[in-house]
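Down below are the structures I want you to see.
Two complexes follow with chain A in common, the first pairing it with chain B and the second with chain C.
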Partner chain A sequence: MSAPAEASRPPRPVRGGSVTRRRWWVPILFVAPNMIVFGLFTIWPAINGFNISLFDSSNGRTFTPVGSQNYQEILSDPEFRSVVLHTLIFVVGFVIGCVLFGTVLALLLNAQRRGRGLLRAAYFLPVVISPVVVGLIWSWALTRQNGLVNAVLSSWGLGKPGWLSEPGLAMISVVGVGLWTHVGFYAMILLAGLQSIPANLNEAATIDGASAWQQIRRITLPLLRPTMLVVLVLATISGFQAFDYIYTLTGGGPVGATTLIVQYIYEKAFQSPIQYGLAAAGGVLFFVVVFAVTLINYFLGRRKGAV
Partner chain B sequence: MNRRASRAGDQPGPTDAELAVQDAADRPSVTRTLVTAAPPQDGRRRSWTSSTGRRPPSTSSIIRGTALTAGAICMVIPIVWAVLSSFKSQSELAKSPPTIFPQSFTLDNYRDAVESFAFGRYFLNSVIVTFSATALTLLINAMAAYALSRFNFRGRNFLFILTLATIMIPLQVILLPVYQMVSSLGLTNSLWGLIIPPAATPTGVFLLRQYMLTLPDETLEAARIDGAGEWRLFWRVVIPLCKPALAVVAIFSVIWRWNDFLWPLIVAQDDAVYTLPVALAQFSSQQVIPFNLVLAVSVLSILPVIVIFLIMQRQIVQGIAQTGLK
Partner chain C sequence: MRSPLRHRLRPILGLAAGALVLAACSPGEVVSGSQSAAAPASSVAPSSVDPKSFAGQTLTYVYFTDGPDEKATRTAIAAFESDTGAKVNLQIVPFADLEKSLQARLSGGDSPDVARVADWHPYDDQLVALDPYVGSAFAGEFIEGSAAASKNAAGAMVAVPSDLTMNGPLVNTDAFTKAGVALPTADKPWTWETMVADAKKVQAANKMESAIAIDKSGHRLSTVLSQFGTRMIGPDGKQALDTAKTEKALGLLSGLMQDGTVQKDFWLESGSRYKGANDMFLAGAVPVYISGNWQVAQFNSSAKFGWAAVPNPCEETCGGFPGGKYMVAFQGGKNPALAAHFLQFMNSKEQQAQIDPVAGWLPTRRDLVESGVTYPERGDDMNAFLADVAKTPTEDFATVSSPAFSASATSLVEQMSALAAGEVDVPTAVAALQKEITGNVESAGK
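Our next item is the complex of A and B:
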C-alpha cells in the first residue's frame, strides 16, 4: 500500500518528505493520540447525538426508536419555543453590542497613545475571569436593594429597578454582563486588524484634506470589514453557547426569561424529568441553527466586502 | 519628485513632518519620532509650554482619553469592588447603600471560607485538572500538528479538514452523547474524565501546524542526516523551536481549563472531584447563601488567572489576535 505512494513521490517533495525510507506508519503514530481523543469525544458523539435524537428513553437505559417524534414534540413544546425566542433576542443583542462596542473601543484604543497598554489590560481583564465568578459578582452588583448599580442610580435619583427580578430587565442585564465579559476579546481582535492597515493610506488622506471621520468611514471601516466579519461569526457562536455566567447570574429566571438553549439542553439531559431524546433533538436543532446563522453571516459579509 | 518620495514615507524631510504635525489628529509612532527629532522651526505651534516637544493635546484627544478611562473604570470596578468587599465584615456587607472601602479590614471571610468550604480540595482538583490537561493538550496537539505539517501521507488533508470542521461542533451541542461516551468508559466522577475528553482542541492543532509550517526544512534535514529518529527529532528539535506557539496554546489552555464550568459540572457529580467553579456555583446556590464566604472563595479562585494575565498580558493579547484572525 505504501510502495506505490513512495514510488510516485517526487524526489524532493515540498515539505518534510525528503527522506525516502521514511516508514508510512510514523505520521500515523503521531496523529493517533489526538485523533483517538477527538474521535471518541467529539466526532463519534456528534454522530451519536443525531442517533439518540431518534429514540425515546425515559430511564436512560432502554431506547425505543420513535423516528421524528422527538423533533415534533420539541418543536411544539411552548417551553422550547420561548427558549429559542430568548436565545435569539440574546444573540442579536450580544452580537450587535460586540461588533459596535468592540469597533468603537478598538478605534479609540488604536488612536490613543498614552497609557494604551494599561487601558487595554483593563478592558481585557474580564475575559480571563471565570464566568461563574462573573455571574456571582454581577448578581451581587445588580441586587435590587443594596447592589452597587442601584446605589449609584438612586444617588442620581433614578430609583431602584429590579435588574434581575423583572423579565425584560433581566434579559438586558444578561446581555450587558455578556458584553462586559467579552467585548475586550473582540476589541483586541479588531485592534489587531486595525494595526494591519497600512498607515500611509491615512497619511495620504490627511494630506488630501480628509477629516478624521471621513478617513474612518472611507478607509478604516472598509479595510476592517474582514476582521469585523470574523468578530461577527465568533460572537454569534459564542452568543449561542452562553451558559455559565447566566447560570450563576439569574439561574435562567425570572420565570424562564433568561433560560437559553444550552441551559435547556442541560436540564433535559441531566435534571429530572430526564428526557434524553428531547435533549439530543435540541442539540441537533441547535447545531443546525448555529451552522446556518454562521453561513449566512459569512456570505452576507463576503458579498458586502466585494462591493 | 523628491517631495513626492518623501510624502510616500521613504525619506521624510522636516517639512513633511511638520505638515503631518499640523494636519493629523492621530499619528502612528513613526511620525511621532520624526516630530521629536525635528522640532518645528518657526514655532507656530508652540503656544502650549512644553519641554518635551509634544504637541498640545487636542480637544478630540482629551475626549477620547476621558471616554477610554471612564470605560476602563467601569470594566474594572466590579472586580475591584468584589476584592475590597471580601475584606469587609458580614454586617458591613449587608449595609445599604453599600460601601466601597472596607471600614474594618478583616481576614475572617478568608479564614472561614478555607475552613468551612473544603477550599483546599477543590483548589487542588482545579490545579491537577488544569495542569495535566494542559500538558496532555500540548503533547497530543503538537504531535498531530507535527504529522500534519511535516509529513506527506495519505489522508493528511482529510484529517486536517476534519479537525477544522469540528470547531463548529462545540461541547454544548453534544453534551449528552459525550457524557454517555465518558460514562461508558467509566470516567465519570474521576479527574480523568475532566482531563482527557476536552484535550484534543482543533484550534491548538491548527495554531501549532501553522507555526510548524514555517520551520526551515534544512534544520530538520540536518538532524535526520545526523541519524535522529522521528521521535527524537520531534522532541529535541521541533518542540524547542515551537516554544512561542506552544506558549500561546498553553496560556489559553490554562485559562480555559481553570475557568471551565459546564464540562466539570456534568462529569463531577461527587463533590470529591469538584473543581473550584463547580464548587462555587453549588455553594452559592444553597438556600441560605453565606455571601461573605462566596466572595472570599471567588476572589481566591480568580487570583491565579489574574496573576497569569498580568504577567503574560502581551502574549495573551497577541495570541487572541492570531487565533481570532485565522
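Our next item is the complex of A and C:
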C-alpha cells in the first residue's frame, strides 16, 4: 500500500553515498528561535487571555471563576454594541479609503517619471511617524477654536467646523487621519504590484487603440487584483486594531462616537475599576470577529480568482 | 501500519494537554469568595517603638509627584532616615501609571512597603490596619472628614490623609482690573449668577475666548453639585442625587456650554480622557477658571499676568469640594511596623508643617488647620482655599471617600458630555446618572 507514496516522494539528499535522515532537525533549528518567541509572546498570552476571560477580577488581583458570565455581560452591554458599530463604520471607511486612494496614488506614482522617488518618500513618511505623534499633531490641527485647519477654513469664510467635537465629523476625522497615516504604505504595495505587470500588455493595447482608462479597467486592475486583496486583508486587520492615534486624537469622543473595540478593551483592563476578565472576554470576541472577517475576505478573493 | 488505538489516543492526549495548559495558566490568586475585611478597631494604644530599632532596615516608598512636593518629601525622608537609621527607597512613578503599577506589583508578590495614593479602596484588602501600631487616637489628629475617609468598612484606619485638596475658582486679576469688575470676597462671595455675569463682562472687555473654564473632571463637577445642595453619594454610601437640584446644576452648566460661556469643545474634544483647562487660563483665554489649590504652585511660576484664588460661589451652600492624597502601608511589605512608623512620622505636625508650604498642600492635621500654615509664597491664595474647607459640607468628605466615587465621577463626566453634545436633555441625563451611580455603589459593595 505504501509503494506509490514512496515512489512519488522526491529523492532524499545524499552525501557520501548515505541518506542524511539524521538531519531532519536542521530546518527546525532555523525556525525554532522565531517559534519560541512567537509561542511565548503570542500563543501563550492568547491562551492565557482566553483563560482569564473565564474569571472575575474586580480588584485586579484576585480571580474568581465565573464561567461564561463575562461573555454574557459584555454581549449585553449597550456600550459594547455601540463600539462594535463604530468599529465597523471605521473599518469600512478605512478599508475602502485605503484600497481606493492607495490604488489611485500607486497609479499616479507609477505614471510619474520625474521626482518619483521624492514623491514616494513624501507619501510614505507618515507611515514611519509614531501613531501617538500623529494623534497629537492632528489634534492640534483639528481643534475647533485654534486649530490650523479651521484657521485656514475661517480665513476663506467657511466657518469653524467641530472636527473633533461633533460626532459625525469626528468619525470622518479619525478615518481621514488613519488614511493619511496608512495610505502611503498600501500605495507602495500596490505600486510593487503595478510594476510586476508586464509592460508589453499595455504597449499592445496602445497599438490596438485602447484608451488609458480602458487599459486601466481591462488590464491593470484585473492583474492588480491579487495585490489589492493583500491590501484589503492588511487594511482590514489594521482598521480593527486602530487605537493609538485615535486615543490621542479624540480619546474616543465626543460622547463615545469614535470609541472602537480596542479602546473599550483597554479601558476595561487598565482604567479603574480594573476588570481583566471583561477585557479578556472582549479580546477573545474581538479575535473571533477579526479572524472571521479576514477569512471571509480571503475566500471571497479566492472565489473571484484573486489568489 | 499505525495502531488505530494510538491514532485515536492522539486527540484525547491533545485535549488533555490543552486542559493542563489552561490549568497551568490560571491567573494569579484564585478565590471563590470575597476577602474578609480587617477586624474592627477598638480603642487601642500605640505600640511602643524605639526608632533606633529600625536601624539598617530598608523601606520602599512608591510615590507620585505634582512637582514641588518631591523636594519637601525628600527632606522629610532624610529626617526620617536620620531619626531611625533606616533607609527609604523612594520610587517615583507617573500618576497615570500608579494603580496599574501597584496592582501589578501586588499580584506579582513584589509589594512595596508604603505608597502615596489618591484612592486607597482598590487595595483595601492588602492594607495594613494601622491602629495597633499608631493607636486608635491617631486618626483623631486629622480633621473629621479626612479621618473618616481613612477608615475601612470595619472602622480600622488603613490610610493616613497626607494632604487635602480643595476645588475653587482662580481668576485673572489683570483682566478683571482692565474690565473694572470687582473681585468677590469671603464676606461677599459670588452666586453662580453673579459669577457668570462678571466673567462675561471681563471676557468681553478683554476679548477672551470664553468666560469660564472648568476642568473636565467629575471631581470639579461635584463642586457645582455641592454648591447646589446635592451630591452623588450620601454619608450612608448610597446614591443620593436630589433630582431637582441636580437638574438645576447640570442644566446651568449645559446652558453655559450651549451659549459659549464655557467652551463645549474643550469638553468634547478629549473623549474619555481627563483634561485640565490650566493651559487655557495661562494663555489668557479665560478670566475665571474652576480648578483647585494644586494649581497655585504651577501658576506661581508660569503665569505671566496677575491672578488670585477667590472664594467659591454660594448657592444653597458655600465652599468647594474636597479631595486628597493618602499614604498607605501594604501587608505584603517586609516590615509593617517600620511602614506604620514611617506613615506616622511623615504625617506628624512637624513634617506636615515642613512639607505643606513647599509643596503647596493644604494640611490635614487639626492642629495645622487651626494654627494655619505659613506659605512662603501665594499664602493668600492658599488660605482662600483653606477658608473654603471650613465652609464645605461635611457630607462631601463622605462622598469623595466612597469606593464608588471614582466610577461615579466618570459617569458624571459622561452625562455632562452627552448634555454638552446635545444628545440628551437634562432630566434624561440626571435619570441615567442616578442609575449609573446606583450600579457603581452596588459593584463597589461586592
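Here is the rule we use: the second predicted complex is superposed on the first by the 269 of 307 C-alpha atoms of A that agree within 3 Å, B and C clash if a C-alpha of one lies under 4 Å from a C-alpha of the other, contacts with A are read in each partner's own complex, and residues count from 1 in each chain.
Here is the rule we go by: contacts are C-beta pairs under 8 Å (C-beta built on N, C-alpha and C of every residue); 3 or more make two chains touch, one makes a residue touch a chain.
Note that this is a predicted model, so its numbers are computed, not measured.
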Pick one for A:52: touches chain B only (first), chain C only (second), both, or neither.
both
Mind working out whether A:96 is in touch with chain B, chain C, both or neither, as first, second, both or neither?
neither
Figure out whether A:165 sits in contact with chain B (first) or chain C (second), or with both, or with neither.
second
Is A:251 contacted by the first partner chain B, the second partner chain C, both or neither?
both
Which holds for A:259: it touches chain B only (first), chain C only (second), both, or neither?
second
Between chain B (first) and chain C (second), which, if any, makes contact with A:65: first, second, both or neither?
second
What is the contact status of A:44 with respect to chain B (first) and chain C (second): first, second, both, or neither?
both
Is A:276 in contact with chain B, with chain C, with both, or with neither (first, second, both, neither)?
both
For the overlaid complexes, name the partner, chain B or chain C, with more touching residues on chain A.
B
Is A:123 touching anything from chain B or chain C once the two structures are fitted on A? First, second, both or neither.
first
Which chain A residues come up in both lists, the one for chain B and the one for chain C?
44, 48, 52, 145, 247, 251, 270, 276
Could you list, by residue number, the parts of chain A that touch chain C in their complex?
44, 47-48, 50-52, 55, 57-65, 139, 143-145, 162, 164-167, 247, 250-256, 258-259, 263, 267, 270, 272-274, 276
Write out the stretch or stretches of chain A touching chain B in their complex.
5, 9, 13, 15-19, 22, 24, 26-28, 30-31, 33-35, 37-38, 40-46, 48-49, 52, 105, 108-114, 117-126, 128-133, 136-138, 140-141, 145-148, 151, 154-155, 180, 184-185, 188-189, 191-193, 199-200, 202-204, 206-207, 209, 212, 227, 230-231, 234, 237, 240-241, 243-244, 247-248, 251, 262, 265-266, 269-270, 276, 279-280, 283-284, 286-287, 290-291, 294
What does chain B use to touch chain A in their complex?
7-9, 19-20, 23-26, 28-32, 60-61, 64-65, 67-69, 71-73, 75-79, 81-82, 94-98, 139-141, 143-144, 146-154, 156, 159, 162-163, 166, 168-170, 172-182, 185, 196-200, 205, 213, 217, 220-221, 224, 230, 234, 255, 258-259, 261-262, 266, 276-277, 280-281, 284-285, 291, 294-295, 298, 301-302, 305-306, 308-310, 313, 316-317, 320-322, 324-325
Partner chain A, residues of chain C touching it in the complex:
21-22, 25-33, 35, 99-100, 103, 106-107, 119, 122, 124-126, 209, 263-265, 268-273, 406-407, 414, 417-418, 421, 423, 443-444, 446
